[in-house]
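Paired with chain B in one complex and with chain C in the other, chain A is shared by the two complexes that follow.
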Partner chain A sequence: MKKARLAVGYGSICGGCDVAFTDVGTELVDLAELVDIVYWPAVVDGKIEQLKKISDIDIGIYFGAVRTEHHELVLRLLDEKSKILVAFGTCPCYGGIPALGNVETSDSLLQTAYSEAPNTTNDGIPGLRKLKRQTMEVPRLKAFISAPSDLVNFDVFVPGCPPPVQSVSKLIDLIRDYSAGDPIPEMHFIAEETSVCDFCKREKPEVISIDRIMRIHEVEFNEDECFLSQGILCMGPVTRAGCGEEPRCIQKNMPCRGCFGPLPKVRDQGTKFLSSIASSIVLGKEKNMSDEDLQHLVKKQVLDPVGQFYRFALAVAAFNRRYTGD
Partner chain B sequence: MERKSTERIGVFVCHCGRNIAETVDVERVTEEIGEHPSVVFSEHYDYMCSQPGQDMVRDAIKNHSLTSIVVAACSPTLHEKTFRDVVEKAGMNRYKCEIANIREQDSWVHTDKEEATAKALRITRSIVEKVRGNRELSPIEVDLHKRALIIGGGIAGMQASLDIANAGHQVVLVEREATIGGHVAKLAETFPTLDCASCILTPRMSEVANHPNIKLIVNAEVVDVEGYVGNFRVKILKKASYIDADACNLCAKCEGVCPENVLSGFDEYLSFRKAIYIPFPQAVPSTYTIDTEACLNPEGMKAVICSKCRDVCEADAINYDRSSEMIEEQAGVIVVATGYQLYAPENIGEYGAGKYPDIITSLQFERLLAPNGPTSGTPRRPSDGKIPKKLAFIHCAGSRDENHNDYCSSICCMYSSKQALLFHEHYPDSEIYNFYIDLRASGKNYEQFIKRVQDEGINYIRGKVSKIFEQDGKVTVFGIDTLKGERIEDQFDMAVLALSMVAPAGIRDLATKLGISYDDYGWISEEHPKLRPVETPTAGIFVAGVAHGPKDIQTTVAQASGAASKVLDMLSHDVITHLPTVARVERDACSACRLCVSVCPYSAITIEDGAASVNEALCEGGGLCAAICPSGAIELTNMTGIQMMSMIDAVSEEPR
Partner chain C sequence: MSFRPRITAFLCQWCGSKGADMAGTSRMKYPSTVTPIRVPCTGRIDLTHVLDALTKSDGVLIGGCYTPSNCHYKHGNYQALKRVELLKVFLKQMGVNPDRVRLEWIRASEGKKFAETIRSFTEQLEKLGPLKTQEEAMPE
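Presenting the complex of A and B:
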């Protein structure tokens, strides 16, 4: 059997996906037998010139979001050269954590990083132009962060921040099937089709009404009961299952953070959650509360609404970046 | 103008005289919407709802083979039905017709013609996008249980029951008290004709009692309501009745031997009655009743400490072994006629009622005037039994006051004047003052009645009373005469507070069980204040009388007949048709998170076999479930997520 050619390209990454990928352990040996790794900055080589030269990639895997022009170049090259393109991790699927940068403009991010941060002594900021130092070139920031899935068409999506070990195993299985000549289903998600709630073992009351939004450290909660009905914001209802047979954060007694992104029929996870929560807060008791009280209830207890609701999927939300007038 | 396209939408823009055309350039809207790729025909006209306008729609559907139409005009609550009927006659499915509201949401609220025209275009474009996604639908048919449940046996509930029963339908009438009749039974005479209240009421009561189509359940409350229009299943808790109504011959011997005295609710706590009692001689059902709270025997007759009434009863009508029962009734329609209660006078501390005996409520005074009242119609004051010489009537006690109830109770000006007149007719030498804010006498012959009272020599002082208290056996009233600009400090023998009408205790609970809404005060909300005043937003549930808000007897009776006619309309069909624009669940996408179940105000959603399931007959198409569904598994028929997004795109698109 001819070995498939595998390339891994990076966007804006934290490095976690590399670790998660290798976390699969001995199955990496199986992978090594299945594929030739032709490009993977952390493993073989990572120069862009190298990627430009490579042709005939069977499986292209992209980590991270698109923050700079360089990230987009890597993405476009992988897309052009790969037969099967895989979005590995939440960032290429939905923008992920880096997309939270969209609450600011790129200019103001640079301003903070290069000028206002307490430990910097720079005279000026690089701005959005290219920086050249001898042969090195610092790529230009794009105006905003995009989810790679909005820029190219992926064949396989592996959500999760980071994807769990069993997703990596399933991806390796998929590569094995592909090498054996089996077709890969279109827009294939290595995840479940229903929500985290469907897999959560906690007890749900008949009526879910939130009297007060609590933060996890503020309350001694019942470990067997639904987080939401106890007033703790859990992204489970709006998040795809697939992180484990029992959802991995909930199993460890923490509410779901939403890293598997929205459900198949939903694009905007954060807004969907807001809409769900808005209807459940003080359900049936709204009439006895003033508008100010209601607003206070949310504003006081949700200190970082964007971070809370749009933590992993801001880039694909309906309102996904600061308005800059263009 | 006509264009070529596979989708063939017609748009009709209404001028509504100058209502729309003054602020919206209807010609430009017509022209520009005509350039939409799916719009093949667009036209404008003075009044689209007129016959020529309707003909224009009908002809265009035929001549241009339209597949759907949009009428850009007034609110869909007004003419949606008109145009859907028109398209149906022309052979088009009625759900392929939509209304773009460019009047209430545009021309009436803007002045800049340029901006209003652009907005009209955006609104119309968004509705064109909606109608493109509309599916052809047919109404859902639901079986109908041909029986009406009336909650409340006051004048409203009685009128509605009789109207429905006389038309040949079965009625179940549920009353909380031991007798029907409600507040009207307590009144002396009614304004403005001064009819004796019990003379006009009691024939009605016995008609209810004897009507073969009316099943009367007293001492009972509705505790649970399930089901939906046409098929309500109602649980009624009937308090134990220890007396067999058919056997009781009203000999009153039991009353004679009963050792327990309690204040009479019927007499507004001005007289005593026994623990075994009949509220008043013409009570319906005509039987004695045991007030279990007052009876010596413990709650539920668990032990028999005293059996004097049973021992003396020759008819053997008394049996202590009975218990409360849960009655289950089925009904196709429900009328809520729960009436009112008086605002608690203790809430107005500065008026002294409850603290001083001679400061009484208007209903108490009504009992003092009534021939069957505690003083047999001679109005004696509670403190010493003397007939007062100088009286003050305090209007708006708790009404039109932001510290209490900011609404007008609508009848107090009239009944205070009536009470003043009745008293003055008996005692022409008496001196009577009405303290009022404004005199509201807008009913038929009401103004003439007030004039008559004034001509009788009864004084009206315009100004709010600030304080009432008793001092040296006299009721002192502090107030102001705003017409003279003088402070008033005067002494009276008695003061009568015209307390505001408030929603009765338990009405919010009942409304929640019925799935109907109420306003900030607890009055039941109607579907539309002008066009659907007796319908609640929940299909099959109607409201009559003061349950809906303060009103006088004649309006109450008229409204009860109105509700009855709506009930009869429904009962005249064999099946009920229900709007097909209901929520639908894609079961595979549902994770059974229960959020939709919690949020549905109509209890239309249940979880079945691990996925949400919508009862189409209960669903009113509110859409809360679709909005809350975290999985996007619920969609509203003809208002899907895709339709909504394309509508949003259409309104946010910059006009060329």
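Presenting the complex of A and C:
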């Protein structure tokens, strides 16, 4: 059997996906037998010239979101040279955590990072142009962060922040099948097609009415009852399942944060949750208070809708970047 | 040519759209900036619809029955009220003026109020101008 050629490219990453990859343990040995790693900055070589030279990549894996022009270059090169392109982690699928930077403009992000932060004594701000020093070059920041899935067509998606061990095993199985000559299904998601709630074993009431939204430390909650009915925001209803037999955060008594992204056929995870949570607030008791009180109550309870509901999928939402001049 | 805003109006079938009909049958004049969409109830309007409309037009008007407590389906208007309130918090965070989404209670008989609303909303949007992203506002 001919060994497949594997390349891994990086966008804007935290490094968690590399760690998640190695979490599979001994299966990594199988992977080493299945593929030749031709490019992977953390493992073999990470120069961009190297990637430009390589041709005939069988499996290209992309980590992270597109923040700079360099990230886009890596993505385009991988897309051009690979037969199968895999989006590994939530960032290439939906933009992930880095996309939260879109609530500010790139200019103001640089301003804060290089001059306004309390521990910085830097006068100059790099600005949005390309920086060049002798032979070295600092890539330019793009105007906003985009999800790689909006820029190129991926064949396989592995959502999760980071993807759980079983997803990585499934990906390795997929690579094995591919090396054996099996075709890969189009737009294949290594995740379930239903929501987290379908897999959650907590007791769920028929109607969810929230009197006051609480933070997890503010309440002594019942470990067998739905988080939402107890007033704790849980992204389960709008999030794709697949993080385990029992959802991994909920199993550990933490509400779902929504890292597997929107459900199939839904693009805008945050807006869906915004709609559903708004209707759950004091549901059925609205007539007991005046309209102004109701409006005030809703506004007071949810302070940061972007950070809470669009945490992992802001880049693919309808309103995905900062608007100015309004 | 001066900027002419486009308004998408989601009107409930019992009052909002009847109000628009009334404005038409009474031959009232109002700007031709509005594209009405009839929905069963304001409670049926998902925020996805509103945001989608806002990416393609300059303002969104939601017209429901009389007062929130007088919804034809009892609770629909309250859902709209709460959703729009929350949406405005979100829009503010993304740098969009929350006034671009407007919620009005228009009775079936209030053709005049419908025309008046469209007129004032159009004026307001003319002052705001088109919705611009960062890179559109500052071309390189």
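Following the convention adopted for this analysis, the second predicted complex is superposed on the first by the 314 of 326 C-alpha atoms of A that agree within 3 Å, B and C clash if a C-alpha of one lies under 4 Å from a C-alpha of the other, contacts with A are read in each partner's own complex, and residues count from 1 in each chain.
In this text, a residue touches a chain if its C-beta (ideal position, glycine included) is under 8 Å from a C-beta of that chain, and two chains touch if they have at least 3 such contacts.
Since the model is a prediction, treat every value here as computed from it, not as a measurement.
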**OP:** Scan A:Phe144 for contacts with chain B and chain C and give back first, second, both or neither.
**Re:** second
Report for A:Lys3: first if it touches chain B alone, second if chain C alone, otherwise both or neither. neither
Let me test your reading of the model: by the given contact rule, A:Ser209 touches which partner, first (chain B), second (chain C), both or neither? first
Just checking: does A:Lys52 make contact with chain B only, chain C only, both, or neither of them? Give me first, second, both or neither. neither
Margin query: Per the contact definition in the header, classify A:Lys201: touching chain B only (first), chain C only (second), both, or neither.
Written below: neither
(Q) Contacts for A:Val302 in the overlay, against chain B (first) and chain C (second): which applies, first, second, both or neither? (A) second
If we overlay the two complexes on their shared chain A, which of chain B and chain C does A:Ser275 touch? Say first, second, both or neither. both
Partner touching more residues of chain A, chain B vs chain C, is chain C
Chain B and chain C footprints on chain A meet at residues 272, 275, 279, 284, 287
So, in the complex, the side of chain B touching chain A is made of residues 512, 520, 586, 588-595, 597-599, 624, 627-633, 641
Residue set of chain A touching chain B in the complex reads 193-198, 204, 206-209, 236-238, 241, 263-266, 272-273, 275-276, 279-280, 283-284, 287
So, in the complex, the side of chain A touching chain C is made of residues 103, 105-106, 143-144, 268, 270-272, 274-275, 277-279, 281, 284, 286-287, 291, 294-295, 298-299, 302-306, 317-319, 321-326
Note: in the complex, chain C contacts chain A through residues 43, 46-48, 51-52, 54-55, 67-69, 75, 78-79, 81-83, 85-91, 93-97, 100, 128-129, 131-135, 137-138
